[in-house]
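Shown below is the structure under consideration.
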Amino acid sequence: MPDATGLELLAQEIGKDEPDAVLDTVYFRDRATILVDPGHVKAVMGQLRDRGYRFMASVHGVDYYPDEPRLGVLYELLDMEKVDRLTVKLRVDIDTPEVDSVVEVFPTADFQEREIYDMFGVVFRGHPDLRRILMPEDYEGFPQRRDFPVGGEPVTFTYNQSKIPHYTE
Amino acid sequence: MSTPPHISDRPRGEQGIDVATAGKQLEAPEEQLLTINFGPVHPSTHGVLRLLVTLEAEVVRDVTPIVGYLHTGIEKTCEDKSYWKVVPVIERMDYLAYYFNAMAFCGAVEALVGVEVPKRAQYLRVIHLELNRIMSHMVWLGTGGLELGAISIFWYAFRDKETLLDLFEMSSGQRMHTRYFQVGGVFEDIPPGFEEKVRAFCAEMPGRVDQVEAILSRNEIMLQRLRGTGVTDEQTLLDHGVTGPLLRAAGNPWDLRKAAPYSSYEDFDFKIPVGSVGDNYDRFRVRMAEVRESVKIIEQALDGLPEGPFMTEDRKVALPPRHELGTSMEALIHHFKLVTEGFRVPPGELYYAIEGPRGELGCFVRSDGSAKPARVHVRDPSFVNLQAFREMAADGYVADLIATAAMLDPVMGGVDR
Amino acid sequence: MEVTREPALEFRSRQLRARDMLRGDLEGADLERYVHERVITTTLDRAISWARGNSIMPATFGLACCAIEMMSMVASRADIARFGYEAFRATPRQADLLIISGRISIKMAPIVRRMYDQMLEPKWSIAMGACASSTGVFNNYSVVPADKFMPVDVHVPGCPPRPEALVHGVLRLRSMILGDPKLGWRERYGAQGTEEVVGPVAERGSGPGADAENVFGPGDTAGA
Amino acid sequence: MLRSYLPAIVFLGLGTLVGLAFAMLNTFLGPRRPVKSKQDPYECGLPSEVQEGFRFGISFYLVAMLFILFDIEVIFLYPVAVQLKAFGAFALTETIVFIVLLAVAFVYVWRRGALEWK
């Protein structure tokens, strides 16, 4: 893991080439996270790839419901030579969920970005084939958002048995 | 396609891609190309994987994996459960590697809470993880053999799988989805006869692998079907994020158990089987060699099994033992607190990765301080490995497509979550 | 509460009489009655249903974890070949039993229904596991129980059910096809009326559950 | 003269009878539940997009022809193999000539590369 000072140095180096790309660095449970501005994500990814983080393990979306820029996208990078993990995080507002796709830099992000679009509604500009991947293609709504109901059937008990239509109607 | 009335009223537009023109941009004349569904209900797709295949007579020109037919919304369900209730749900994700799912989640939460797992629990976890890896490889061998025409291999492989499920049943009470791993350690200590049974299994397993290798490894049909098909070089695999036996078959010895040892894997010495060419035959041999290595790990773990608690002493996370409830008041309070609401995890988020039977299985957990996780995401190796399927299967024969799908070993529960 | 047994002809006594008949010791009235019972009274329907019941061909239709236990059912320990059902057919055109082994997502439901429609007549279906019978652990936006969109004959409980449980389910289906379904536990032990779902007050009649009154107010799910 | 053919005729009649019976039995005894999607082509559970008039590649027919050719050759060998003792050395030489002829054809086909899949 890049320790706290290594993380700061890395952030400054990226800051030199890409002015105001790095918004914040977090060092939590000896894991390094860089908060990046959504506009510069492709450039930062390219730089990190040249610095040795050539493998991207995972891309996943998070809905930080109460606090404001609600949708987050996290990229888990891995440097196989130095066995070094780094998380790049960006926060996007829910009304304009637009981010550049990093498929050119890391082709592994193809399916995973489609899943984030399917589950959270974050649109990835420049993605070769941005369609729903897990839900049916004509499904409305983004299920993983916090305000989307878990859904499912109400369980039939004695008291609510008359209100629920018979199970197999 | 009008569906009968009592199907849910949601309109069923199945075809996102315009299937008629899917393969058109290729250079072959139109009427030669046939785009057909190698669909969700197919004996050799290992579950509900759908491959949209564009064929030119027998040669596969283009293949697009379409997934989602087993999407169960597990990550959404996890957000509705308290931490110790998430384990049974998350175990049903990749249903051949249930101990690995539980280990990834428990590892992430233990790192979040900062609880320290006792040495004996770590060794017990390693034993069950490696037994589960062998079981997963046996199911792959059985179903892979069916696809390559070696029907009898199914019965060889499932005979060993049954002994393994007996061991799981002995230690945890259930054959599959055993909920044996807890945050902070293991649910129960192993019963007295367990060690002898595992040693007996470890004694006969290499012989069983020799039997299978004697039948398959020099079998002319198997050599013709597997050697030289589905060849992919290491850099393409790395670009597509492929890890696990597929990457090791291409020559890159990347294995998280050696690279970033977790749960005291550094105490055991075992080798990482690595292929050279990166074709289906290497993948087959790498997995068979991995079974032998796992047996070695289990034997070393059994020899070095330390005494001591099988569960962390931190009562904030682990249920107190039963006899303590009768005497001490604090145990009763902790017990009540844990059973009703479950333990609270300080806010934070982190990603914890382990080496599953199909590649890097990572679990991202975000907690907002309450007793329920705010977000649980599992990076499933099969989901990422499927992206490289087009590079493996394009411009090969249909028979090689089936052999490559068998050697890729995708488990649809993990892919669709 | 005494248990209602099968009709008087115990299995052992039938075996002995068959042996006597084969040895030729059975004559006169006994022989007449034996021949009458064994040979003449089988109607065409019972003969056909006997043939159908013993020659079921399941469809290879694995969805999720229950498919692994379905495969173990075909493997050597809990062997379905003892009953002749191990010929798993890949296409619905040659299969007449659909074992829905796993959780059905809303994207897969029309395909399961289409697969069931395209099967041979007469066809049966088994909902294997909690996810196919009810939504099981995943009561959420994406899982549909099998009863919602297709007729299901046997529900096998378990998550995943043991291979022996599935074999028991298949044998229960076989006895249903043969025309004498095994008694459910309510009929066998005379426990009608203990159903936890009682009808609305008007239709309840006088059974034991008739006076059940709602402990929780409507809509109050605190207890659930 | 007809008597010596009687067994063959009876065998033929019984064969067709039993064959027809098994073919038609299901239509009489099986229940009828016509459903719209029952007649559609089965394509792994999805509605099929393949147009009816799709023409297969030529290489399929080539392989089919070669298979029929050499399969019939084997069928001719069965009766000879069963009655070899009765026919004696004459049948043996006759079969060898027959096999050599077809072997020449096989080598020609092999050299022309018809067996490899283009």
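Order as written gives the chain letters A, B, C and D; numbering starts at 1 within each chain.
Here is the rule we use: a contact is a pair of C-beta atoms (placed from the backbone, for glycine too) under 8 Å apart; a residue touches a chain by one contact, two chains touch by 3 or more.
Note that the coordinates shown come from a computational prediction; the quantities given were computed from them, not determined experimentally.
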Chain closest to the middle [Cα centroid of all protein chains]: B
B-C against C-D, pair bridged by the larger set of C-beta contacts: B-C
Subunit B-subunit C separation of Cα centroids, rounded to whole Å: 32
Inter-chain centre distance, subunit C versus subunit D - centres from mean C-alpha coordinates, in Å: 41
Rounded Å distance between subunit A and subunit B, as computed from the means of their C-alpha atoms: 23
Separation of subunit A from subunit D, taking each centre as the mean of its C-alpha atoms, in whole Å: 58
Multi-partner residues of subunit B (each touching 2 or more other chains): 1, 4, 10, 12, 14-15, 39-42, 68, 71, 73, 76-77, 416
Multi-chain contact sites of subunit C, meaning residues that touch two or more partners: 106-107, 111, 115, 117, 138-143, 148
Sequence positions of subunit D contacting 2 or more other chains: 35, 37, 45-47
Touching pairs - complete list by chain label: A-B, A-C, B-C, B-D, C-D
Subunit D partner contacts - residues on subunit B that touch it in the complex: 1-2, 4, 14-15, 19-20, 31-32, 34-42, 50, 56-58, 397
Subunit B-facing residues of subunit D, complex: 35-37, 43-50, 54-57, 59-60, 117
List of subunit B residues in touch with subunit A within their complex: 10-17, 67-68, 71, 73, 75-77, 79-80, 111-112, 114, 238-241, 254, 259-260, 348-351, 353, 360, 362, 364, 366, 374-375, 377, 379, 383-384, 386-387, 416-417
Contact set on subunit B toward subunit C in their complex: 1, 3-4, 6-8, 10, 12, 14, 39-43, 47-48, 68-74, 76-77, 88-89, 92, 95-96, 139, 142-143, 154-155, 158-159, 161-162, 165, 175-177, 412-413, 416
Touching residues (chain side subunit C, partner subunit B) in the complex: 60-65, 67-69, 71-72, 75-77, 90, 102-103, 105-111, 113, 115, 117, 131, 137-144, 148-149, 159-160, 162
